[in-house]
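Two complexes, one shared chain (chain A), two partners (chain B, chain C).
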Partner chain A sequence: MLKYIIRRIIVAIPVLIGVSVLCFIIIQMAPGDFLDQLRINPAISKETIDKMTHQFGLDKPVVEQYFMWLKSAVTGNFGYSYSYRRPVSSLIWSRAYNTFILAITSLIFSWIIGIGLGIFSALHKYTAADHILTVLAFIGLATPAFFLGLILLYFAARTGTFPITGMTSVNHEHMTTIGKIVDILKHLFLPMLALGLIRLVGIMRQMRGQLLDVMHEDYVLFAVAKGMPRNVVIYKHALRNAINPLITMFGYALASLLSGALIIEIIFSWPGLGRLIYNALLEQDVYLVMGSLLISSAMLIGGNLVADILLAWADPRVRLR
Partner chain B sequence: MGRKFLVIVFVLLLSAAISLAVETEYRVEPYHGQYGGTLINPSLGSGPKTLNPTVARETSSTDIIDRFLDFLIELDQYGTIQSEGRLAKSWDRLEGGKVWIFHLRKGVLWSDGVPFTADDVVWSFDKVWENPKIPSGGQDVIKDAEGNFPGVEKIDDYTVKFTLKMAFRPFLRSVGLTQILPKHVLAKSVEDGTFQQQWTVNDVDKIVGTGPFIPSEYVSGERVVLKRNPHYWRKDLDGKVLPYLDGEVFKIIADQNAILLAFESGEVDHMGPRSADYPRLRKEAVQKGFVVGLDGPTFGTQFFCFNFNTPDPVKRKWFRNEYFRKAVAYAFDKESVINTAYNGLADAQWSAVSAAAKYFYDPKVRKYPFNLNFARAMLKLGGFKLVGGDLVDKDGNPVKFIITTNSGNTVREDMCNILVEKLKQLGMDVTFAPQDFNSLVKKLLNTGDWEGLMIGLTGGVDPHSGSNVWKLDGDLHFWNYSPEKREYVKKQNDYYSPEWAKEIDTIYKQETTVSDEEAKVLFNKFQETVAEHLPLIYTVQQKYIYAYSKKVHNMAPTAFGGRIWNEYAIWKEK
Partner chain C sequence: MKREENTAKNLEDSFERQYLSRTQLLLRAFKKSKLAIISFWVLVFFYIVAILAGFLSPYDPYVNELKSSYSPPTRIHFFYNGKFTAPYVFKTQTIINPLTYERSSAERLELASIRGRNNNKQFEFTKDKVAQIDLSIREIINAYTDDGKKVELSNKTKTVNNLLKNERGILTDKRVVRVYKDRYMIDAYRDSFDYGYKLQGLKVVKIVRIFTLDSIMVMTNDFNIHTISGSTVKIDNYTFKRYPIKFFIHSWRYHLLGIIPSTLHLFGTSDDSRVYLFGSDKFGRDVFTRILYGSRISLSIGLIGVAITFSLGLFLGGISGFYGGITDEALMRTTEIIMSIPGFYLLITLRAILPMDIPSTQIYLLLVIILSFIGWPSMSRVIRGMVLSIKKREFVEAAIALGLPKRRIIWKHILPNTTTYVIVAATLSIPGYILGEAGLSFLGLGIREPQSSWGLMLAQAQDTYVIAHAPWLLLPGFFIIVTVLAFNLLGDGLRDAFDPRSLGM
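== the complex of A and B ==
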């Protein structure tokens, strides 16, 4: 097992390098650069622009720029952001933490409730409760996350129950530890709900369908026929088989943990990574974009690895070598 | 006996030290108010990127920097220079504007308590703004017409002398509005070459300034907190040292809709609404205690233009044809644009200088009110004719071209759509294809591969800021680059430089060495020439809209000053 993990990690290195080359090429192929906003400013001369181009190394050949970046990336320094004049890694980490809080809470929320409701729905097939859940699920699947976010925002503004923007209150620094936690939770609730509800309904439908499929398998029928208690049949045999595809889905969910919250972050002004990257893309702040893309790819590789390990743990038929 | 003697000596020394400390020459401001409160400002976007004025390039950063750094002169809320400045109490213009002596305000302290002196001013210009190793937008602003920096020297602790190679009319406004930095804090970083890595957003605890509020806390992507500067140099009519507020907070909000909701629910104290939000806020104003108002247009301009050096030689002929451009101007339905794109909250613009620049604005320029019959008459004069409903030029080529703008700017897209519809009624085959900003800039400035364009440029109080746009060899003379500037124009080998364009060029070469009154005459001529020959067809200008909570007092927003230009006098009910 440990050997398997180490091997997967070693294989990941050339993958990441390949990703970085591709990203760099695509960024360079995009028209324009970081200084375009200044170029169209009447107050700034071409001389100044030329000096800045030189200062940022934008006048060097693309290949040389890439290797300069790679050299510093190996030593853990992902370059300087042009607009912040700060190391990319420190910028990313300060924001990744906030996104992580939002993403992980909504992940836990949507998976626990989604799986629970899915099982409930499958076991109460075609009852009134199942029908209601099905209708709600279809509404949820048809609602884009940003729309739900806006509705929640509007609700909060009208009722004044929850704060509208940001992650902490203005006087956060002067609160007690418990006050600080409550403050963050209050700010967290709506964006978490917006992000979690949409995912929840998908998970619920998946879980319901998978469980119903498995419930019709011969071995489940056999277990029921030989008089095994219903709970053991469902939770020990049926559920364990039904949950495999969901574990793969969970791996992808982990992979999109840091990048999946962009729209919600913008709507709720959540100080997360998504907004940082989005602005870096718009401004063509090359190294900031590179750094964040690499983190996203690392998360994808890591998420897949975690999914594989979870799968091996849940399903004894899967062997990792 | 001995002890008593020591005490006397000590008291004498102490009083000597106190009398040595220079008394602050406060600037008295016409306000009354109460101390206390924290003003919550919205900051649209992703928040400040830096607090270093040589690095900052967008408003979310400069909005914070403007709070804690001051400059020499003072402007009122309309942009007029006041006789008593900020860090300079007064100044003398000598030798026909070639020498300027600034008398600094005495007794001003930096926020850390260190006295502000002439050394800070000399160092800021000599070592920072004029330093070739620290390229910044501010560097171009303080150069004279021939690209020379002013020489700066210290006369005594409170007197600074600037020496120019040539008289330069915009000098006072350009040098006088350049920020003065604390030498005692930053001198070392200039020497070791790390100046531009100083004062990043994470260095809030190191910031020192002379402004009313000093940054004290930065929470990435969420807010910047500023504290009152206890050493500020303004007083109110009652002799209270300003500012009234305990501090300010800039709340970073990514989206304009969220700012509106935050304002309505009291999370921020004021905002600049979009024209679409204006009716709604007006309706709520009485019930919720808002003040919602309008001011005249802003300084930026938006215009439509044609590329005189477009790749297709047939199209070049149309675009260089004055009658063709006049026809397009007559076909531009400003009334519809104002009503559909701006909710009625905009003014038609006819002159190359914004009406906001009150001194230099010339209202008497030629106007082109919407009239398709006039447009058809212009096309006829220009040699175009209609063949079966399609417009053709005198050689029989059908008039067909593409107009573009930067995609995502919905107002410009609306304007283009309205224009396209009218041009089609004239028999032109026009396609509207908006493009990504960066690729548009590349075509505009490098390759010249464009035909018609709707775009905007920033402007200022003094039309001098347009010299890079209007001079024939200007770097932003993008609709008709000179062959010396762009290779593609040289290759086409049919450079078109009409008399009127040369006249504008001459005006911009002369305006820097004359007096303001003479410059006004020159710029009137410039505005009339542009309106007559239409290299750029000006469109409409949005009005400045503001909204603030009634709890905030002494607010007086204007298009030039913004909402918190007089933040030192603003106070807030608890």
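== the complex of A and C ==
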């Protein structure tokens, strides 16, 4: 198992280097650089700009610039954010942490509710409740996350129950520890719901389909035939087998959450990685864009790795291969 | 009896299986899924609407009309005084609450004709004689304290040429009384700049507003003004100006199918009344019109994007799978790298590095190219896998043995075998392009004002204040959902139809 994980990590390194090369090429293609804003500012002398050009290595050839960046990136230094005037790595880590909180909570929310509803609708196949859930699922699968976000924003604005912007209240610093946690959870609720509900329907449909498939397997029929209680058959025999493909989905969901989180973060002003990269792009903050693209890619690759490990853990057939 | 029916059906089935062509069988299988058929016709309808957008929209999508900013959907009336009539609308008006400064919109009713008595003298002004009827209304505001004392806050007359619906009573009763007892209204009066100082230190329990009709001024078409005033005025009958909805009228200019100049529109209203089916946006543009124009972007970007992605995917996937070796390695590693960057992150990065201030047609092309760039890797990986397995089949080996050129083998023998998959996958991946465009436009990185796109229209609804007061701005989202849903269901139907088991083969 450990060997498997190590092998996967080693394979991921060239991919990450490839990602960084690709990002670097894309960013080099952009017209101008972030010093352009300073060049048009008459208050800044030419010497200062020359000094900064030299300091950031902008006067060197592109290939050399890339290796300079790579050398420092390996040691954990992703350069200096121009617009935030802070090292990129510290900026990214705090933001990545916020995105991670959002992603994980919505993941947990969607998985618990999704699997529950999936089991419910499989066990109540073709009843009114099942039909309603199916229709909702189809609509949910067609709804863009940002539109759901806007609808939630609408209800929040009408009722005023939940805060709608940011991650903390103005008086967050003066709260007790428990108050602080409650405050963050309150702010977290709507973006989490927007992200989670979209995921939920997919999981629900998958769970329903899998469980219905498994219910016709011989071992389930045998368990029923030998007179086992229905609950034991469902939860011990059928469910354990039906859930395997969903475990693979879990890891990939973690990865695709990153993309979905971007717009949600912008709508709800959640200080996460998506919003950071959006602003960095608008400001042409090269190193910040590079850093966040790389970290988000690493998170995606990590998510896929987690998916494979989870599957290997749950399904011995995969492990033996 | 039942068994006989079944055998008859079976016989027919086996007959069809034997003698119908593959296309007929496919059609037969496809027709079995009702949802897919419905989705198909919904999409056909949407495409026709998108093509005829200019004819169907009552107003110019690019002309601002700040007077009717955030006007709610216009109410279309079918009844007048309980009688069924041709559809008509009233003019609408923005009202600013003098106490809270909140804006709202309401129908304004203008008098068209009036008949009544004054001092037992009959007067009558019919619709064809009247130019305008003004009403002079006196408004008295009184506040009552808990010990029964009365404080007069205001006593003014104003002249209006229209009434709000809930003020209609003034014509028949000549006197309307409103009583406010709730805390919110009383506090609003207490906090207001005009009346607040009169209520200092008093415990107000209710506010009473009394409206009385002072006089009626009728301007006739020959520019005579008749003033009817006095306490003995009694109005027997009156009508309001109605603005009928007209069909096939000539108004703003557009190009039908992009070439034929035309001014003919399906519907509209007369004079300066407006009919906003879905309300209007911040700049007073008709949301209905802009949804129709926006549908052109959303409906076409998917088709064009898929066409580009699939040509690229088929070409690169085909080469990669057929030749193998170093080409295959290089291509597959590239796809892996592109797929390792979260899709939407890559999307906005690519968009952000490309120039922003370019003409809208070029932005559209850029979006298509960017969306296709994100889409091709997964596509070519699947095609590669399919080519690898088809390559080992006998008919390909035979073609190689016959010495056919490789290009011909790929295009004529291998790729046609992926058609089924490609059609289904193409239909199912169109929603991705629609959502991608909507998302980019929503973030301000896609289609730009004054052009219209569903995502861009939703961007206006990001503001909490706007969204709470003009929820009709969310409507484009429902069109996105319906379109995406239709493509999903159509794709599912096609997949089931192409499944060999459903063909009965």
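Heads up, the rule we're going with is that the second predicted complex is superposed on the first by the 279 of 321 C-alpha atoms of A that agree within 3 Å, B and C clash if a C-alpha of one lies under 4 Å from a C-alpha of the other, contacts with A are read in each partner's own complex, and residues count from 1 in each chain.
Assume a contact is a pair of C-beta atoms (placed from the backbone, for glycine too) under 8 Å apart; a residue touches a chain by one contact, two chains touch by 3 or more.
What you see is a predicted model, and the numbers here were worked out from it, not measured in a lab.
Colleague: According to the stated criteria, A:Thr127 is in contact with first (chain B), second (chain C), both, or neither; which is it?
Modeller: The answer is neither, since A:Thr127 touches no partner chain.
Colleague: Under the stated touch criterion, which partner chain does A:Ile266 make contact with: chain B (first), chain C (second), both, or neither?
Modeller: both
Colleague: With both complexes superposed on chain A, which partner does A:Ile301 reach: first (chain B), second (chain C), both or neither?
Modeller: A:Ile301 contacts chain C only, not chain B.
Colleague: Tell me which partner A:Phe138 touches in the superposition: chain B (first), chain C (second), both or neither.
Modeller: second
Colleague: Of the partners chain B and chain C, which touch A:Leu153 in the superposed model: first, second, both, neither?
Modeller: Touch status of A:Leu153: both partners.
Colleague: Check whether A:Pro42 is in contact with chain B, with chain C, with both or with neither, and answer first, second, both or neither.
Modeller: In the superposition, A:Pro42 touches chain B alone.
Colleague: Under the stated touch criterion, which partner chain does A:Thr161 make contact with: chain B (first), chain C (second), both, or neither?
Modeller: Touch partners of A:Thr161: none, neither chain B nor chain C.
Colleague: Which chain A residues are contacted by chain C in one complex and by chain B in the other?
Modeller: Dual-contact residues (chain A): 30-31, 150, 153-154, 156-157, 164, 266-267.
Colleague: Which stretch or stretches of chain B touch chain A in the complex?
Modeller: 38, 40, 45-46, 49-50, 52, 55, 57-58, 132, 135-137, 139-141, 143, 147, 196-197, 200-202, 217, 219-223, 225, 249, 251-255, 257-258, 261-262, 264-265, 267, 436-439, 441-442, 444-445, 457-458, 460, 465-469, 475-476
Colleague: Which residues of chain C touch chain A in their complex?
Modeller: Residue list for chain C touching chain A: 333-334, 336-338, 340-346, 348-350, 352-355, 431, 435, 438-439, 442-443, 458, 461-462, 464-465, 467-468, 471, 474, 477, 480-482, 484-485, 488-489.
Colleague: Which residues of chain A touch chain B in their complex?
Modeller: 30-33, 36-48, 51-52, 55, 83-86, 90-91, 94-95, 98, 150, 153-154, 156-157, 160, 163-168, 170, 172-173, 265-272, 275-276, 279, 284
Colleague: Please name which positions on chain A make contact with chain C in the complex.
Modeller: Against chain C, the touching part of chain A is residues 14-16, 18-19, 22-23, 26-27, 29-31, 138-139, 141-144, 146-147, 150-151, 153-154, 156-158, 164, 255-256, 258-260, 262-263, 266-267, 274, 277-278, 281-282, 289, 292-293, 296-297, 299-301.
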